[in-house]
């Protein structure tokens, strides 16, 4: 099962590689600006051999992991609270909708002001951006609680905490999982972007240097690294999902087949 | 114990206004078992949900032990008509039954005992570790019943709890409820479509009219308190009561 | 018409293996009405879903008109046991009933007629514009029945379709199904828990054992073809058949 | 009462802001930002910078909606398609839009199409992911009902798949709305000479800090307005969902 | 803060990783900063604005920004003060590190033809558009009709080749790269704008200890002098902090690194910026460059 999934996934990636090789080779775009896949991969191989890349990647992943964890926990707690405490939703909705569309990049001056080009700035941007992603998912997930199930919980006198734990949380979990997947990518993107814009060390800084040096294949190689990280993160979340959502119709169908 | 006075409930939504309950007044004494029958859509479920404090009434009130019911009272168990939706799919059968007990802080040993007993009583001992969606409709319904039974409630509300099980299982479950009721003196409100069942179980049978719902009749069941599937059902008085209720319901439906 | 031969179904999931159907073989002739009874959890729903082509069998096969069933055959209607979940909550009652007809490309005028007729037959004319979740359990079930009836199927599968309605409504609906069956010669497989109902409706009653399920008995109902709630049910032969089936089911449950 | 509830928290936040401001060049007082707001945005900037930006935002958002749902439905329905495409999509999803922009510029030039595409490239993900998950989680009994009654093809989409996944699709659309605004700013950081996002970035680079914050304020207000609009649409589209008690919001 | 034990001061400098900043890297490698008891950390920043905000917020004691950015910051009331020269134009037509390029078959032959065209610069309202306008004006054209668009240097050549813009302004290494791929220079805008134009400078803020500033300035001056005199070593050091391909490094035009800021040229830029509307009002350069 897992193996066939992997097979399909590799086929998809293979097709992408072929496409990326063909487009520049057929002259659809200029090779100098979008090198064929083989060139990108050989540049990547060169990079992988250096310590720099791994150190940069480590820096980025550290900012990513810490930021994501902070944002996720904060958003889940906030979301569940807003979702179950009556009146809180109305009280906060305008503020949430106001703050949500403020781009993290606009916070760059604030971040550099507070933390300078360091992990702190990266974290500020990462947390700010991914927090909303999870929060909205949690809010919708909490709203999806089945009315009969909720009546059941109430009539058996389940306490607020038990209702959260045994009813609200499992119901919201599929939404939260999607939120986690969204936030994981956004956190990673923001980690890289923060490095790109503020210059805190990491993958983004590497990309920035490669860009301003006009080293096109190197830039794309680094982008590929970013993409690969994305695939890895998603695979991990999917694995987690299979464990925690085994009861869910969507996952059930997948496992059964 | 349970006083329902001029209860009225209107569902209002844009473009639709349904007076589900016109005006209902009746009492259920402590430790009494009252069955409610009435045509489909007459407001039985609505009544039960108002009594359970899950639905605010539009008029009148419900009192439990003299206190107006505004939310679900403690030590009350409900078996919902939508049994499937009332089980948590992320929990096993055992966990579903156990959850309210944990909430009640029943010690682990006693909890185990209660869960095992109630699952055995509904014939699901072998399926304790299955998830609800792995069970047949009737089995799911029995899980919901087991949950209510294990909870040892003071007030028990049941909404067509045996609709999805076969005749024989139904008889067994009827006796289970009777036993529980007798042993723990549970005040019980029991909604059913099966007239035989209502007469067999109830000390009283409340017949509702079709909507706007009122009480057609509040019938005392003067059968001997000790009931038994074979003998009770073959009593001539049983037949009479049964026929009476049947005619009442037919009248209720005829009205509209 | 419908041939079920050595059908076997095993549910397998990590940590749980249930042989829901051991081996079942029986035929339903064209235009025949066969009732299926059996203890709760014995595999009736499973059987129906295999026949409907919704569930792949683990062994054996189902043939319709000689063709193996691999997916839902055309012109087949099903009333699911989970009636609540089988209605589209975003559609009104009318839209729910109308959807399959649209799919069948029934012209608008005729469609209207069919929908109105079937809603009237189940007593829901006034609720055509309500959404399913605004209805009582019994009303929801009747919508599902109306949908199947309006569809004018060649094959009709019903899984405890009257579980949630009161006795009187149930009688009316039974007669509705009988009329439909007679007028359109619909081949019908009817799952029920109510033994009286099975005997009253069926030309044959198939009694299933508890799992691993086999056929306990395939009983021909030798009552006169014209049936009527009062006279048929009071025939001595009706009582005999009823008692026979009852004993069989009891035996089936006893086995486990 | 409603107004009080809506405004209580924002008022509190402004107070906090007011208390901490002034300590730094980068944190001007609410009054200064308010003044800058009036001067900056109640001018021809509204027509020259804000409106075209909002136009691009809406175009990108609409496109992302069509693309996200259009792709999400088949991916959600087919396990095989999902296994094949997921890694590729995850690959692109992890690429930060700022580094994706040069590639988009290669393919779509540097004018409006590029900016719209950049917006799409960010907005599409929450819609796509939520659609996929929503479609995966469709009720089995309803699916069976459709199969039985031969509800297929477009009609199955219209009457089953889309409404069934509706709540989750709406979640995605709601997410995408604010991401769209963010991407609008990012898209204007490249190859621009006008636009709301561009103006904010320019203010930032020119150290016109009060003006910059007024631009951020405008972004927030834009988000607020669009989400109010969205809410109305959502209440309509999902009236069955919020009415049924399947959800309590 | 100075370390009392060793007397060595830790300094963090925010510097963009391009050719222009080779001296500080070279100086660090040569130990010029250690000589001044400065333990220098060079933090790459993305651009002038980031450098200024980093310096103002105290993250950097010193930073590198271009002339226009510094003028703008000064005008907005930020407390910035130049401590050393950064980089200067060679002033030689055809041999500078900054140029306006067009496609080989473009009808644009001279700077004058740029009038009314679409030209990319890395940042609007900055040194790029100011100096390009100066080039056009000097050649007898009317710069008012030019449409400038923002494109990062790395993306400009592709946009030019794709016909998205009529001309691009880029600096090294993109000048050499584009020229080797066929692009044709039509103006050397830094050389046109002013003689020996000071393009960028190192600066600090009021909060830095004046004594430390003195030491940093001394080290910086030595670094500039050394870099200017040793182009080969510059090309070597480029390999350490940029990713420019070695063959390109060998070819690029290096800028000039004079020790002194050319105040006159800064004033010229300031005046041009006012004329072009980049700055709001006239500014006295001596307030910025002591």
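The first chain written gets the first letter, and so on, giving A, B, C, D and E; residue counts start at 1 in each chain.
Assume a contact is a pair of C-beta atoms (placed from the backbone, for glycine too) under 8 Å apart; a residue touches a chain by one contact, two chains touch by 3 or more.
Please read all numbers here as calculations on a predicted model, not as lab measurements.
Undergrad: With contacts counted as defined, which of the two, A-D or A-E, has more C-beta pairs across the interface?
TA: Answer by contact count: A-D.
Undergrad: Taking each chain's centre as the mean of its C-alpha atoms, which one ends up farthest from the centre of subunit C?
TA: E
Undergrad: Indicate the whole-number Å distance between the mean C-alpha point of subunit A and the mean C-alpha point of subunit B.
TA: Distance between chain centres, rounded to whole Å: 48 Å.
Undergrad: Report the inter-chain centroid distance for subunit D and subunit E in whole angstrom, where each centroid is the mean of the CA atoms.
TA: Averaging C-alpha atoms per chain gives centres 37 Å apart.
Undergrad: If you average the CA atoms of subunit B and of subunit C, how far apart do the two points sit, in angstrom?
TA: Distance between chain centres: 27 Å.
Undergrad: Provide the list of subunit B residues touching at least two other chains, using ranges where the numbers run on.
TA: 13, 82, 85
Undergrad: Residues of subunit E that contact two or more other chains, please.
TA: 53, 56-57, 152, 154, 158
Undergrad: Residues of subunit A that contact two or more other chains, please.
TA: 30, 33, 108-109, 113, 146, 196-197, 211, 219, 248-249
Undergrad: Write out the stretch or stretches of subunit E touching subunit D in their complex.
TA: 47-49, 52-53, 56-57, 69, 72-73, 76-78, 120, 123-126, 147-152, 154-155, 158-159, 162, 164-165
Undergrad: In the complex of these two chains, what residues of subunit C are touching subunit D?
TA: Going by the criterion above, the answer is residues 49, 52, 54, 71-72, 74, 76-78, 80, 82, 85-86, 88-91, 99-100, 102-104, 131, 133-134, 147, 151.
Undergrad: In the complex, go through subunit A and note every residue touching subunit B.
TA: 146, 148-149, 151-152, 154-159, 162, 166-167, 170, 173, 247-249, 252
Undergrad: In their complex, what parts of subunit D are in touch with subunit E?
TA: 24-26, 101-102, 105-106, 109-111, 189-193, 198, 202, 204-209
Undergrad: Per the contact definition, I'd like the list of subunit D residues that touch subunit C in the complex.
TA: Interface residues on subunit D, with respect to subunit C: 139, 141-142, 144-145, 147-152, 155, 159-160, 163-164, 166, 240-241, 243-246.
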